[in-house]
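Presented below are the structures under discussion, each in the form of structure tokens.
Shared between the two complexes below is chain A, which has chain B as its partner in the first and chain C in the second.
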Partner chain A sequence: MELFDSFLQQLWIAREALWHGFMLTVGISVASIVFGTLLGCVVALQLTYAPLLLRLPFRIYVDLMRGTPVLVLILASFYIPAVIGLSLSATEAGILALSLFAGAHIGELGRGALQAIPPGQIEAGRSIGLTFPKLLAYVLVPQALRAALPPWINTGVELIKGSSLLSIIGVGELLLKTQEIIGRNFMTIEFYVFAGVLYLIVNIALDQFGKSVERRMSAR
Partner chain B sequence: MAYSLHFGAVWASFDKLLEGLALGLGLAVAAVAIGTVLGLVAAFASVGPSRVARAFVSAYVSLFRNLPLLVLVLLVYFALPATGIMLDKYQSFVGALALYSGAYLTEIFRAGLISVPVGLREAARSIGLTRLQTNLSVVAPVMLRNALPSLGNTFIGMFKDSSIAAAIAVPELTFEARKINVDTFRVIETWMVASGLYIVACAIIAALLRRLERRFPKF
Partner chain C sequence: MAAAPLLSIRGLTKQFDKLEVLKGVDLALAPREVVSIIGSSGSGKTTLLRCVNLLEEFQGGEIVLDGEAIGYRTVGGKRRRLGDRELSRQRAMTGMVFQSFNLFPHLSALGNVMLGLRKVRRLGRDEARAIAETWLDRVGLATRGDHYPSQLSGGQQQRVAIARALAMNPKLVLLDEVTSALDPELVQEVLNTVKSIADDGATLLIVTHEMRFARDVSSRVVFMEQGQIAEDGPPAEIFGAPRNPRLAEFLRNTRT
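Coming up: the complex of A and B.
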């Protein structure tokens, strides 16, 4: 009991650091899912409908991102911009890496969703005189969005988990703050478990949300 | 913007990178092997009759799928010794990755088990096989074949995740690359070569897996 009391005491002392770390984790995840989704939409459209020559660079981008570990992407976007004359903070470099990673994954799942739509629908849309942008807006995208929503939420979980890797390049998110606190009070198990529980709460909530969306989609 | 590429410094340590790549593969193989056993046991338990076992498996899966791998690795490496369990950095990383991959593999095997036709199980039972014999010699082979593509994808994922071992100073590819980067400042070259190695390794594994899938036609 005494141990638990001293943990609570240390937790109270560290509350602000942990709160800032947690908010940074959330902020980084939100920023990368927003950028990643914007990028992913472009990638998905190019992969599905662009002619070969335009499609190829996007294919290469997706395969490069999916073949490389996230940690390597993070380290590369931390070290490389400086030597080519761009100055990015560690946080910006992290968001860049996670967005590029998310863009490739969302692009792939968007392509899957678009290609799952029966080709007859494109022909039908064409034959009633819809232009391609209209076809996209009224026929293809609404259906693809429904199919892509559950895996998109899963990508969000992956990004929150991936954001913990930014502690390695010195971004003061939840995990690095936790490590700093452990460095001060040596309560290793307690604070790692505490950080783990925070990640779990957010991720399980998102995961359950994704599952309920999936159920509602398949019920219709 | 006056940066010209010189790969010399990276080539000089290329053997280190290759050793790191081999170590990463070894870690992934060991972890996925243990994870497969974990996943098989958990998957059979999750479709089994015991409600307690089902609840336990579902807690295991959602716990390890939603915890960042890095947190898990640090917890196993830094926090377990306080409870008296001493593991070196290789053992603790393989342990963490095995638990992590086990959770993903449970889901995959579970889906595979559900997709095994009921008639097959009934037929095996009606020719007099016991429940255990049915599971071992009829259900498991069909399920493993159906799960093979996802199993391969998980292996590739775990191989990429072996890069996280760099955080606890396991000298695998990412760790070596980072060292070369810091030692030589050939930043772009180092990361180009390192990610190139990962991509080539992933492509080779994927090609091997496709051949394996062709050797064992789908049920």
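Coming up: the complex of A and C.
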């Protein structure tokens, strides 16, 4: 009990650092999901509908991102801009890396969802006179969203977990803050477990959110 | 045919790579005419319909609908496919009903019928809804408006698809083997629906394997054979006194 009391005491002392780390983790994840999704939508459309020549650069981008470890992407985003004279903060570089990573994955899963729609849907939309943008907006995208939602939630979970890698380049997110706190009080197990539980809670919450949206969609 | 033709197809040719599917088809439809196309599979019937709805490109000849050449424009001696916007406008002039219904699964029956009215004809919600409800009632599904396609039988889905096509008030309705994907006991309700819109004066071009239906509903029947029209005449003649030996053979083989 005494051990637990002293953990609570240390937790209280570290509360602000932990809170900032946690909020930074959430902020970086949300930003990466938003940017990654925007990028992913463009990539998905290009991969699915663009003619070969326009499609090629997107294909290369996606394969490059998917074939590279996230940690390598993070290090590259941190060092390469500096070399070419762009100054990005560690946090900005981290968001850049995670967004590029997410954009490729979301682009690929969006392509899968769009291509899974039966061709008869396109023909039916065409036959009532929908132009391509309207066909996309009212027929294809609504159907693709349903198929893409579960893997999109998965990508979100991957991003939240992946954000812990930003500790390597000195972004003061949850993991780095936890390590700093452990460096002061040496309560290694306690604080790593605590950080692990926080990641778990956020991921489970996101997962449940996805499941509830999915249920509501399939209710029809 | 005294009236100016609503649809006029002249010398239509179509190739898939090296395979010649349509080898110079000539066909004209007067307003309010109901024409059925029969023939064995691979004869080019469905491809012909799909060319009229611009779902397929074609390499030669022309299709004129209500005085307007559709699908292509000749600029400086070069034949060019029209752009998305023009093709879409021309597609809206015809309605198409598909073998596999192709209803939008994420929209209710009413939503399926309303989509074109709202987004293509740009009607307000209330007006679109009123037209859609009238058409669902017309195909006998007034009480099914808020059902989703997955909650409807095949026959009901196909009737919604007919309502979706007709609500757009097309000049010409194309029906592509609309009963081929249906369970036998659901075929009649769909055929009755088609019959009743034909009786109301719609211009229909029908591809069908239902010989009895073709005989009952059509003002003219066309027999296609290897990408060409082999015989064209009133149903009594086509079914009663076929001149083309291949048509006679086809009819013997399909007689039930």
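A few notes on this one:
As a working rule, the second predicted complex is superposed on the first by the 210 of 220 C-alpha atoms of A that agree within 3 Å, B and C clash if a C-alpha of one lies under 4 Å from a C-alpha of the other, contacts with A are read in each partner's own complex, and residues count from 1 in each chain.
Basically, a contact is a pair of C-beta atoms (placed from the backbone, for glycine too) under 8 Å apart; a residue touches a chain by one contact, two chains touch by 3 or more.
Since this is a predicted model, take the numbers as computed values, not measurements.
Touch criterion met: A:168 reaches chain B, while chain C stays clear of it. Annotation for chain A, partner touching more residues between chain B and chain C: B. Look at A:51: by the touch rule set out above, it reaches neither chain B nor chain C.
Applying the stated contact rule after C-alpha superposition, one finds that A:199 touches chain B and leaves chain C untouched.
Judged by the touch definition given at the top, the superposed model places A:129 against chain C, while chain B stays out of reach. Chain A uses no single residue to touch chain B in one structure and chain C in the other. Of all residues in chain B, those touching chain A in their complex are 1, 3, 62-63, 65-72, 74-75, 78-79, 82-83, 160-164, 166-167, 174, 177-178, 181, 185, 187-188, 191, 194-195, 198-199, 202-203.
Interface residues of chain A, counted against chain C in their complex, comprise 118, 120-121, 123-132, 134, 138-139, 142-143, 146, 220.
Interface residues of chain C, counted against chain A in their complex, comprise 53-55, 84-85, 88-89, 91-92, 94-96, 98, 100, 102-106, 115-116, 119-120, 148, 161, 164-165, 168. Listed in rising order, the residues of chain A touching chain B in the complex are 63-64, 67-73, 75-76, 79-80, 82-85, 157, 160-165, 167-168, 175, 179, 182, 188-189, 192-193, 195-196, 199-200, 203-204, 207.
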